[in-house]
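Presented sequentially are two complexes of chain A, the first with chain B as partner and the second with chain C.
Up next, the complex of A and B:
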């Protein structure tokens, strides 16, 4: 079947379109196959090159840093000679090889401390690898910037506040998070200063990452989080600070947390009640019970949990009343749980409730008393 | 003479309608291919910087309940539960629902995991068949495990609802007890929830793949391979196209139509307020998703449904036409049910993208597609018999559709390969890449026939249940 250009030109429109699409489809399919092939081949080559380079890097690092007796004895790194020349191999003229070297240096630095870690940092500087990182920092691509921030942070290289602080409010989540981590790790004076300038909400993921950085960074000056609980207009910062207050058992912030009970935001109020319960602040119980009836369900449940955590034994009557008279299943369950936590002061009461309660309430009590059931 | 002209007019209308319909469908697929490429690449780029280990040791990680209904799964129940217990996450529980099994599934679990019946305050927020008992382990190693024994509800939906009622945490992951999950499934599924900036993520899904020829060791996938059986391999290709290209494309527009019943994470509160799974539905996963979206619109919740291109779940695919037929008939029947039950959302601006994009797409290109194809084939045959086919034109058009469908599937495989490189050898990739060439002739007609069968059952109200998959079990990794 011969199909000349002449025939194509005078064929119906649908056939013309079909023809064009056939050509496009076949071309795309062939390109897709070639891309798969190229992608796999490139990855294979890269893996192969790395597989031969990694042992070279590891041997050099082992020989000159990781198995160095002086460094092992914690002799200050500056007093130990670093044979930089042996690391200046021709292969490190390639960018991929320098990247691999930076990765290995970070890997080992994360696993050693003291002089050895310091010597790895010296090597990073003397091989001018920091310049590679700083060059990436100037890139327009966010992923390069994130990579640079991670490298500089891991190597404890200082970055000017004017460079990092604007990035802590970047529209790109990953860049924003990396900048915040870097700021906390690298800022010598006020690692939490960015809390003052954060306008974007701290996402739950950001909070998890920041929490890890804050709680695992050595020699970090922990501030009084009350300042942000009182003054920050960013609700997520306040909520995060409440978690940090609990983590550091920061009793000096209690006054600010109690003030937060008057906030209009009931989620934040719930967080504040949760914080007070976890800090076991006995004095606040009266206020919590006083406000209880005007609260939405999430705050009510937090009040009941707080009374259980504080376990002062002073409010078993209130818990009993909620357990017996509330129509909400969750309220009754949390009241029962808190009663059990106050058992030392309410033993007779619990037995009495078991004997007299309705079938469902009895089941709730047994549920809460069973150590196999956690929630 | 007059009657001939009426037939000619009707034929012309039909041909033009099909032409417009086909063109819109092909354009939609092309757009989906572009959107999915953006989505997948963005995901892969961002994923490099999100370290799972950060979440793994965090006290701030949200709790997740993993729920898995089981009906007569005695053959594999122990290894499947053990597999679920190995999941990597700091705060989770596993609820297995023994949905009135007639085999010894429950006894096996009681014996293997040191279970005892406990007085559990079960609050039936969603109505289900009665719960006979709830079991917890006395062995601290299995403290995360809970087993619910209930009266058979004749549906996975009823069993899932019982587990949702007993769930302790705010998010639940619904899976099938015979699915093999990646050990980082929970870490991956919760990430979109924690990283979303302006919306409430009500559900997250991930890619499912066929387990048939993969190797597993103690419930952990150790070697991924494309299935050897042709029918299963067709399904593998179809899953890649549906998840990596389809759902990732829709995810970019926040228009994901469905989170698969095999694996999905859901917001418990929204799921309960939407009424939970519908036990009368044959497509309970899609039905729940639709209701959750509807609830969100009705209550002005700025919601999002997210998808992950990473494969986190492997499931056994039917390898016989008989079982495959049963599965697809049920799916299409579920789709027809869903469209009828929620037709009020169709083109309804009140339901935003759900009403104006997802519903019309599902209606025209999922529900109607098999019917149009079926009538098209009949039309083709009639025209051939009447000698009214212009063969050169017909062949060109057929070839056009064929090359286009091969291209779309190949692009899906390309996105998957460029991002994840799941298969170890290039021979396996070639093996998979050859499959779309046969799909058009061998697999697609089956899909159309089974879908028509499902619609017929829906219209006639034929009784059927969620049935037995007749599993053959997974290949175990050879001992070294």
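Up next, the complex of A and C:
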């Protein structure tokens, strides 16, 4: 050993650095392997414990809930005596076992509803498992909070606004999505109240997730989205509300959307035009054509698309002019598509354009006339 | 005794279905994916009175099973019930287009499942 230290001390600096580097690397690798092994062993032990606990839980649930004659006859769950005592086994004093029970109850509730589903919820409450979930809500770890939100949502437990609303604005993406999901599912009267407190931009992916939650949640109270279109200072919320207005065909919000045409943000203006087109608001066409020449490209394209979607047949002349005289390919393409959508009022005109157009314009028209090609 | 094939990859659902249907003395056989379902159907020469299937499963989905069972030229017709989490309009319509006799969205009401199974078995037994 003394010889090694002597050797190391008088070795060149580069060798010393390399030696230290090798020692550190080997130590780190060993620690990493050991922590992986420890994690795997813990997971294996946990799996083993769960494998022996799950049949116990299943038997209890089967015997006292699924095979309960009164519940099978659809007697309301609150009128059926729940034998809570049989579920108070010593094993459930351990946290891991209570978590396993919560998971299993949720799993069962995802498969059965009606009186039996309600009885599973009653069991969750009477065994004070909701307190475990609420305790997890207070944890500093975001994953615990997400887990708690999922449990409370699945068990249809209400959460105070003061607890959940700040989480809908969390910096952590997962937690933010879980909190919004929970809020929409649990808030009976104002599921969209968190739109008022969102300060961060609603990313496109967030919008997709939210849209999925909103469109798949049953018995949801749909508000008038015009309130956020008019007053929200968060542009992404306004943009998302425009999409929801289209989805719910909310004609009562049209006035607010038309007002949005005067906004300085041209992306938002484009979204508003898109919304009006999809709602097929015929009265707005004059205004759109009036503002057309002063708009940036994205808004002009949206105006052309809107004229096609509304398909009133009143503005085929305008579309023809754009198709023939614009220098921008996208403008010509959308003008052509909208002309085709107005074909019922412009049959002769379309034939005339095909006969007299340049090779490129003819190709655009043919492309737009193909019903299989969508853009 | 009516023989029912249950195709379901969820761990809990088969236990629930077995308990619900066992009351009526049905014989339930359970497989966990589409491939096993095809194998079991071939091995038994489609000797089932009813098939209950999920949609999204490994190897072959519920629609493939449904399509194969309903497009069989010979043998007795077998009713198929789809029980799935996927309850959007397109999925339901696709199921009925392929010949499903019933579509139940999870979570199910146990009593409802039992009645629908009974009704289909009586209907096909005539």
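The definition used in the following text is that the second predicted complex is superposed on the first by the 296 of 375 C-alpha atoms of A that agree within 3 Å, B and C clash if a C-alpha of one lies under 4 Å from a C-alpha of the other, contacts with A are read in each partner's own complex, and residues count from 1 in each chain.
In this text, a contact is a pair of C-beta atoms (placed from the backbone, for glycine too) under 8 Å apart; a residue touches a chain by one contact, two chains touch by 3 or more.
This structure is a prediction, so every number in the text was calculated from the model and none was measured.
Judged by the touch definition given at the top, the superposed model places A:203 against chain B, while chain C stays out of reach.
Residue contacts after overlaying the shared chain place A:370 against chain B, while chain C stays out of touching range. Of the two partner chains placed by superposition, only chain B is touched by A:25; chain C is not. Of the two partner chains, neither chain B nor chain C is touched by A:8. Legend: residue contacts after superposition of the two complexes on their common chain; A:67 is shown touching chain C, with no touch to chain B. By the touch criterion defined above, A:96 lies against neither chain B nor chain C after alignment on the C-alpha atoms of chain A. Once the two complexes are laid over each other on the shared chain, residue contacts for A:231 go to neither chain B nor chain C.
According to the touch criterion, chain A has no shared surface contacted by chain B in one complex and chain C in the other. Partner chain A is touched in their complex by these residues of chain C: 10-13, 15-16, 19-20, 23, 85, 88, 106-112. Every residue of chain B that touches chain A in the complex is listed here, in rising order: 19, 26, 45-46, 48-50, 54-55, 57-62, 93, 116, 118-121, 123, 136-138, 143, 168-169, 191, 193-197, 392-393, 396-397, 399-400, 403-404, 406-407, 410-411, 413-414, 417-418, 421, 426, 429, 433. Of all residues in chain A, only 58, 62, 66-67, 72-74, 104, 107-114, 116-117, 216 touch chain C in the complex they form. Per the touch definition, chain A reaches chain B in the complex via residues 1, 12, 14-15, 18-19, 21-22, 24-26, 28-29, 32-33, 35-37, 39-40, 43, 143, 146, 150, 173-174, 177-178, 200-201, 203-205, 207-209, 211-212, 243, 247, 329-330, 333, 360, 363-364, 366-368, 370, 372-375.
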